[in-house]
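The chains carry the letters A, B, C, D, E and F, assigned in the order they are written, with residues numbered from 1 in each.
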């Protein structure tokens, strides 16, 4: 059995049900999923500022997972908040949904496009592309022009997503699309069908990678993510 | 059920049993593995010259897979021979063991090293790193100094691998190791234990990626790998 | 005297006469040109799939050249099929028309554009740009939208080429143009005149480089293209 | 008059006096310096883990500065914690000591080396080099092998620094040295004298850049660092 | 006191007064500015050709500065003519206005645009971006379409600059603008106000960097800019 | 007939005879070679400083060539002094020996090494590698430790070259060697024989490229090297 803890690193549970549904549908039969939120921090992560507000609480939640006996952790936000820090502290697999999704995109095509929420959020995504070394493979980051909390309006989301995805393909030459926010859900199959190319929901790819790592007994390198020193830290 | 055809693209079956053993151990319970070779081409793939000798026959074998009803294909040689061509012709997932392994390495650390067979084989590996866009993440390609067909001498292989892996870590600063040949088998766990870092057998990662793609209904983008034209071709 | 074998790596001789004409016009007085085709393989090379169909037969034809006493080989297809493999096996100069043309383009300007046949063929060209390290210098690959075998319709070719070249200059800022297919012939001077910039037919540049190497006694480095091992290979 | 708030983003004031001394010595006559710490968070910042522990409290301290009437802020840790987030929230100049120092290093030479504290801290520095686009100009990151809190042992620091700097110059070819931690102080002139090259204390460069920006009326672009949205955030 | 010699490397003094005005306004109170021209060479620097005409005379003028007792030199042309050579010969800080301005632009945003005079002058600017390693951070070089000597027509300049700057922001996504010629003066504040982003006059940034270096006792690395040999040279 | 003017851009004729000998041996039968020097400028070009001293006089000499009826120009110094400026002013082919040699090296192998004179001269070579976009292909620049004017001591040169070339191959993995100074002559064949790899004298490659361009009617793009404006210039 593979026990995976999914941390949705915002101070609201409004997305949990939809996420769970997707995860239940795509998980291996022997995988057990728990979804939690943070009880402090921001209600949504729109840019660097919110990441800083989220990361410490997310990290604390991740640290608890090892004690709780989980086999792996998914941090469910496209900004991969606290992922590097959690990898330093923990030995079980920690998977960010951004890193997982762009690795899949890289395997499936030659130039992917990321469909994000607002233009103001592009910078955090660009920074991760640099950190992960995928700047060249990402041909564009296109924004829907919708704030994260407004993504609950599914018909507005669907309309904007259809149009934005089409532009990514036609104007930017994307051959794979990645949704650049964990709250863009339920559109993968329709858009894939219409535009005739792979469309990636990042959460699903994180799930598969996390399961893979647990299955084959791999985890992140402690040479790349060394254990923190024992010094005083106060919250 | 996921039916996967594994093509070992050489004109010998001496590796099939070991490969099957690894695959049986790491596959999902609902995965069915068939391993085949090519009946022409080279006995081993050491460098570009052998790749050209292998690719046409490998491609033909891959093409048959879709007709035979397979859900996915793994081309089991670190040179990823005919992988791009097969992706053009086929709609089911085609996974090369090199591409799969370096994507995992990239997820698990920051600088990986590839342990290959002979110095003369480094150039083909370097070329793939360029094609896949991973030159910067690979800090070194180190050769065992053993021809592929001599890898059957397991004690010689083990000795060379231990020493070469150690140098990759100590001198090149690798934090993840990837075996750069599908015939370097059975050493992953020991070396991982000794050197305290993830060690990747490329076949296992290709297996997991292939299963993932089948599970979630993704395949390579036909926009990146367009269907070939209908023209005359003779063999 | 410099004896050069030109291999047109397709299973048709329809282009040989035009190629010979260009070569006769641009060769040194002491150069002797022989043009051959392959008797198997594809009728045209449009993308990766066709390259795999061509390469083994092209390689075999190249191998014969050294025995036949040639001083150099030109592989006459912009995909440079089997060029790396042939360099491994042979000691006489082997020149691909793509590699030769982009080196000239790089010398003559700062940003070149490649005019290719179909959009679906761009990927093979992009891959070579990565292998040769010229991604940054190539500002665009523009397609005529014509299949290779239809290039025999010279008036359609001329019309498409004039328009496509103009776009490469005006929209992409190209300062040198390279025809990205060996069958785009006879337009170099007219387009150069109209657009006021160097226009390169790749075959001519391969010819000059091949002659240069023979003249000054240089050939590709056997340290970069090591001799293949003696193992069993079957066709 | 230029009022600058220096935030030393750790939960200890042991470095403040030394920092103030350096700043008083190098500031413009009309600059007024205030140094503060954070009252929660970590005692030292050694790697990503500590950065996450520091950033939220550092950000809150930075936000107060604008209200307090400061003209500029320096975040005094080589990890530039919360610098991007603070630039999003604030309109007055926010300067990280890492970003300032490598820009000076880039102006003064062609390949700089960063002298950091422990090997485990290199990864955070490497990540910033990628974010700031200076990977190629930095030829090495060399560690003293001393934990931050042990840098108070000045004779141990001096000995290690002399040796490490020498290796950066002789083995890595550095022509400029940057101290990669705000607590490596008081050695700049001696090492510069011995090794005959510029040696940069990052705090000094941040001070000069901050003063320059205030003097000429420039600040970071709000197009690159957009104002955060008004959503609920809880600490 | 900081004595700085500003060399305007053209054979005309028509710009000196405007430059002096800007410098007087932005300099530290203890800085003393002298502005000189070269008495041979070109009247304006438009492209590489003019740079070669200017550099020897500019270098000679720079060499005199050290004898004359100056503490630093600014070479006031965006082509940074003779800057590398002067750094080799001299030990006092030598600052080019191009290098200084792009380092400031890099600190203030993520993608800057350079507003230059004519399209024909872009190549020299591109070359410097490569030499300084800032190709990726510069998203565009846009030309006003005005020859340097015609920049005296301030209303034509203002009109073209407003329009060109707007395009750099809207079409290229620039978040910082740099004027790519020392004679584009007096527009910084207005355009910054209109387009809501930092606008950089390169001369001002060179002035601040030069003052900074003198203030803190830094100069370019003699390991990167080694002293020329004593050989015969004739003018 | 192809009339080529070779400008040796130093104020001494001591190298002309050796250069002429090499050129006579490697030129086409219908090529006519004239070698000239500059009558002012430096006696040798060791680094940037000397380049500035040479370039204006070299440019003037190049400009005369078009009037004198030459079909092409070779600027015979590895710093390619005034090459870009001359290409702007002239329509006949202008070839620098550095640019020609590295393009040949790129065609013949995968990682070349440049053997230069003194460590202090490496920076100018590095800058050209950046301008020409070949940084990645050059694995090392190794210096002989001999000043240009001392290269007349052929036995000292030979001894240093043998040792330095060997290190480039064994320690840096070079597969092609390029002599990085036009005065390293007469060693090509011996070192090529000993080290079993192509060794390039840059002058020969410039000669062949210049002849090629004249033969096929190509010259540098005037879109990349636009004609200078008509403004006042004084010498």
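Going forward, contacts are C-beta pairs under 8 Å (C-beta built on N, C-alpha and C of every residue); 3 or more make two chains touch, one makes a residue touch a chain.
Bear in mind the structure is a predicted one, so any value in this text is a computation, not a measurement.
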| item | value |
| --- | --- |
| Type of chain E:chain F copy interface by residue overlap (half), same or different | same |
| Label of the chain whose CA centroid is most distant from the centroid of chain B | E |
| Between chain D and chain A, distance of the C-alpha-averaged centres to the nearest whole Å | 30 |
| Length of the line joining the C-alpha centres of chain A and chain C, rounded to whole Å | 44 |
| Centroid distance [mean C-alpha coordinates] between chain D and chain C, Å | 53 |
| Multi-partner residues of chain E (each touching 2 or more other chains) | 110, 123, 133, 224 |
| Residues of chain F defined as touching chain E within the complex | 11, 40-44, 46-53, 55-56, 59, 82, 84-85, 88-89, 120, 123, 127, 130-131, 133, 147, 149, 224-226, 228-229, 231-235 |
| Contact set on chain F toward chain C in their complex | 26, 28-29, 95, 99-100, 103-104, 106-111, 132-134, 136-137, 169, 174-176, 189, 196-198, 200, 204-205, 208-209, 212, 215-216, 218-224 |
